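Okay, so chain A shows up in both of these, paired with chain B first and chain C after.
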Partner chain A sequence: MEAPPVTVMPVTGGTINMMEYLLQGSVLDQSLESLLHRLRGLCDNMEPESFSDHELVYLLKGQQGNPFMLRARRSLLHPTAPWHLRYLGQPEVGDKSRHALVRNCVDVAASHSLPEFLNEMGFRMDNEFVAKGQVFRKGVMKVVVSKLLRVLATGNTENTEPLSLSYLVELSVLAPAGQDTVSEDMRSFAEQLKPLVHLEKIDPKRLM
Partner chain B sequence: MGVTCVCQVPVAEGKSVQQTVDMVHKKLEQLGAVKQGNFWVDCETYHATGNTTGQPSKLLYVMHNSETPLSCMALFEGGPGLTADANFDVLMVKLKSHFQNAKGHKVESRGTRYRYCDFLVKIGTIAMSSSARGISVEVEYCACVIPGDCWNLVKEFMQSFLGSNTPELPAVFTNKAEGLYAPVDCTDTMSQYLELFGKVRKQQVIPGSGVR
Partner chain C sequence: MQQREEKQLEASLESLLARVAHLKGSLQSFILKLENEHDRVTWPSVLDNFALLSGQLNTINKVLKNEKTPSYRSQVIIPLLLSPDRDEELVKLTEQRVPVFSHEIVPDHLRTKPDPEVEEQEKHLSAEAARIGPEVAQKQIQTLNKLCSNLLEKLNNPRDDRDSETSALRQNKPSFNPADTNALVAAVGFGKGLSKCRPPGPVPPGHPGQPMMSTGPTLQQVTIAGTTGHQAGMGGQVAQQQPGQPGKMPSNIKTNIKSASMHPYNR
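Up next is the complex of A and B:
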């Protein structure tokens, strides 16, 4: 029952601005196995982790400007694990030669009262989906291969149907702001996955 | 986390806040309690902007406790609460156009932590804008999580050093359905602090309290 260490400033591990560097691509269902095989070879030697997550996208409409978006994700395989709340900022514009999409990222672990709490704050759920797949790691790089499924009845994750005939492949790194060597490393890794999958920087605005 | 009770001790007649705190410390040390470091609990207030319905905007309280330094608790008064990690503060900064931080409303309680057998006692000076506003006492009985089972013992212990200032069973426990259990994430403790801080905010400034 020793007192926990008390410092003058509260301990806040995440005050450094973290940026997410992202490259995305996709593979058709029939090519999945060859991609997984290559990833198993290239990535760190450990059992690839399978996941099945339910993600809800919440929007807060303000008086002006774009609505504020938050993504709340929970694991369907580990129902007692905390919810994962994620804020993603606008992609950083400018350097066209930068190889990856860079945006500010804030990750918060939260208790199970999250959906009710977000509603009380004024957020409204915009859409939801289920993502199932595998996670691979190579050093700080994370490769996620996932199948996105549409939820047919709100809140019912049992009844889903695939959104497409392909798998989404995402290569990402979470790093403090200002580390530009990260996108170089990502690009060289992405080269090794060609021609199975072409990972590129996809600007979300172009899709709207 | 055991059953926890948070109450306020009024400042003694003719004495300052610091002197009253010292008097309580002395009583605890005479009982045989051992000093075990410091503690702090703070509460920040955010209010929702952009309210188009004309209703008074909701107040969101974000609280921190040194017992759980990597967590924070967000509460709506009388509404749902959320326990999250320290990054929630960073998220509130991102939300500043929707939720404004009422900086002058920040209340905190800081003080010494004592251990007496299975009890943890924390005596804190409640301060708002660096002026002392009152004294908080938190008593935790670590050996039990069911308020109904140990309230009499906790009350008797509090009487030994608080005397007539001992409170009744906190409302958070009486409002629960049967099978009262103190939740592990200290929501009940933080709700009690929130209620106490609310009371203190409404009280007048104690004359002569000044800067600590």
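Up next is the complex of A and C:
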């Protein structure tokens, strides 16, 4: 009996290439309350979910090319919940008329030994931060309002300081590739948050 | 000529008396009301009373300003007879307030000069006015007039004008800072502003090649040629990516596997 042939393409057709459509903006601390009120009104009617997460960014530096980045995230409010590992691809340079940033997105859950595993694999932690805020949903759209905090001592999430005087506001949708109607819906939702927040497509490469 | 003046004086005095009597009546009723019903009195009724008093003072002013009124300053009242005896007539005239026309009441009732403090203030004011000079005074008058007319205009104009102004002012306060947006996006995107940390040394080796992930959503299954057989037998899902080729999973893994030039276990 021979070993089955090695295949590199997915055998079980279970995976769809999920893309993340993203719009980002920020709101000053003093205007946060008005934004939260507006979001409560606009979004689905449920108790707003608060979160407090510790995110670690791992880089794998190879001999050539850009280092490979993975993001590991754990909840500080629910310490027993699994870790969340996420890969985000490069933003797709498509037509300029697309209103949101589109990038490939892979999400998995992981056990608590994830940091050690990643270290074993050769990844090195590049930076870490704590994000605290609230999540709102409207259909498939997800709005995350979070305060980013810098971790002052590696691994110690008690000792943090805010990165700026603003909250980061992100509107994202996870959808299969090719659905461009999603970005239209996102744009009309973003219109409703003006002039409190200006959600726009921000290219991270531009800020490097 | 003198008769005409006398007649005018009499007529104006009469009308002045009548007005002052009205004023006295309303003041009396107001005081009574405040004294007896102070716990029941409402602010609008107090305002009404004040309005009434101000109206009556206005009419008195008008009477005094009336051109038919002779100047009272030119008239002098001289007491001809002062006696310490009680005078019934006087009592009746003054409604029991002045029983005796004596030396004590004359300085109070017949006084023409204002109080000393009031006199001082008046002197100050007139000195001040003389000091600043006519042009400056004229300019001040004009500014005051302009301010008053502006205010009147604002108050008289319809409400929607005012509302649009105030809403425009409110929107001017910015609720977000674009620089902050950029800083936050850069921090999340590639760690700008976050301290780059390198954990001290690699974690002591566990079991190499044993993926310890719980079954989550399925990822692309990749089996790597060239690794030992026991890994192919694993049921776990492994997400592996060759370094330096982000975003192009299937094809690059194929090429790298074939070349077998590097694998992630190099350190």
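The criterion applied here is as follows: the second predicted complex is superposed on the first by the 194 of 208 C-alpha atoms of A that agree within 3 Å, B and C clash if a C-alpha of one lies under 4 Å from a C-alpha of the other, contacts with A are read in each partner's own complex, and residues count from 1 in each chain.
One rule holds in what follows: a residue touches a chain if its C-beta (ideal position, glycine included) is under 8 Å from a C-beta of that chain, and two chains touch if they have at least 3 such contacts.
What you see is a predicted model, and the numbers here were worked out from it, not measured in a lab.
Chemist: Applying the document's definition of touch, where does A:196 land relative to chain B and chain C: first, second, both, or neither?
Modeler: second
Chemist: Going by the contact rule set out at the top, does A:128 touch chain B (first), chain C (second), both, or neither?
Modeler: In the superposition, A:128 contacts chain C only.
Chemist: Given the touch rule stated above, what does A:116 touch, chain B (first), chain C (second), both, or neither?
Modeler: both
Chemist: Return first, second, both or neither, reflecting whether A:154 touches chain B, chain C, both chains, or no partner chain.
Modeler: second
Chemist: Check whether chain B or chain C contacts more residues of chain A in the superposed model.
Modeler: In the superposed model, C touches more residues of chain A.
Chemist: On the A-aligned overlay, A:46 touches which partner chain: chain B = first, chain C = second, or both, or neither?
Modeler: neither
Chemist: Would you mind listing the overlap between the chain B footprint and the chain C footprint on chain A?
Modeler: Of chain A, residues 3, 6, 10-12, 14-15, 60, 62-63, 65, 68, 85, 87, 89, 106-111, 113-114, 116-117, 120-122 contact chain B in one complex and chain C in the other.
Chemist: For a test of understanding, state which residues of chain C touch chain A in their complex under the given definition.
Modeler: Chain C reaches chain A through residues 171, 174-178, 180-199, 202-203, 205-206, 208, 211-214, 216-223, 225, 229, 232, 239, 241-247, 250, 253-254, 257, 262, 264-267.
Chemist: If you look only at chain A, which of its residues touch chain B in the complex?
Modeler: Residue positions touching the partner: 1-6, 10-15, 60, 62-63, 65, 68, 85, 87, 89, 106-111, 113-114, 116-117, 120-122.
Chemist: Can you list the residues on chain A that touch chain C in the complex?
Modeler: So the residues of chain A in touch with chain C come to 3, 6-12, 14-15, 24-28, 30-31, 34-35, 57, 60-69, 82, 85, 87, 89-90, 104, 106-111, 113-117, 119-122, 124-129, 148, 150-152, 154-155, 163-166, 168, 195-198, 202, 204, 207-208.
Chemist: Quick one: in the complex, what on chain B touches chain A?
Modeler: My answer: residues 36-40, 42, 48-50, 52, 58, 60, 64, 66-67, 69-70, 74, 76, 79-91, 94-95, 97-99, 113, 115, 120, 142, 185.
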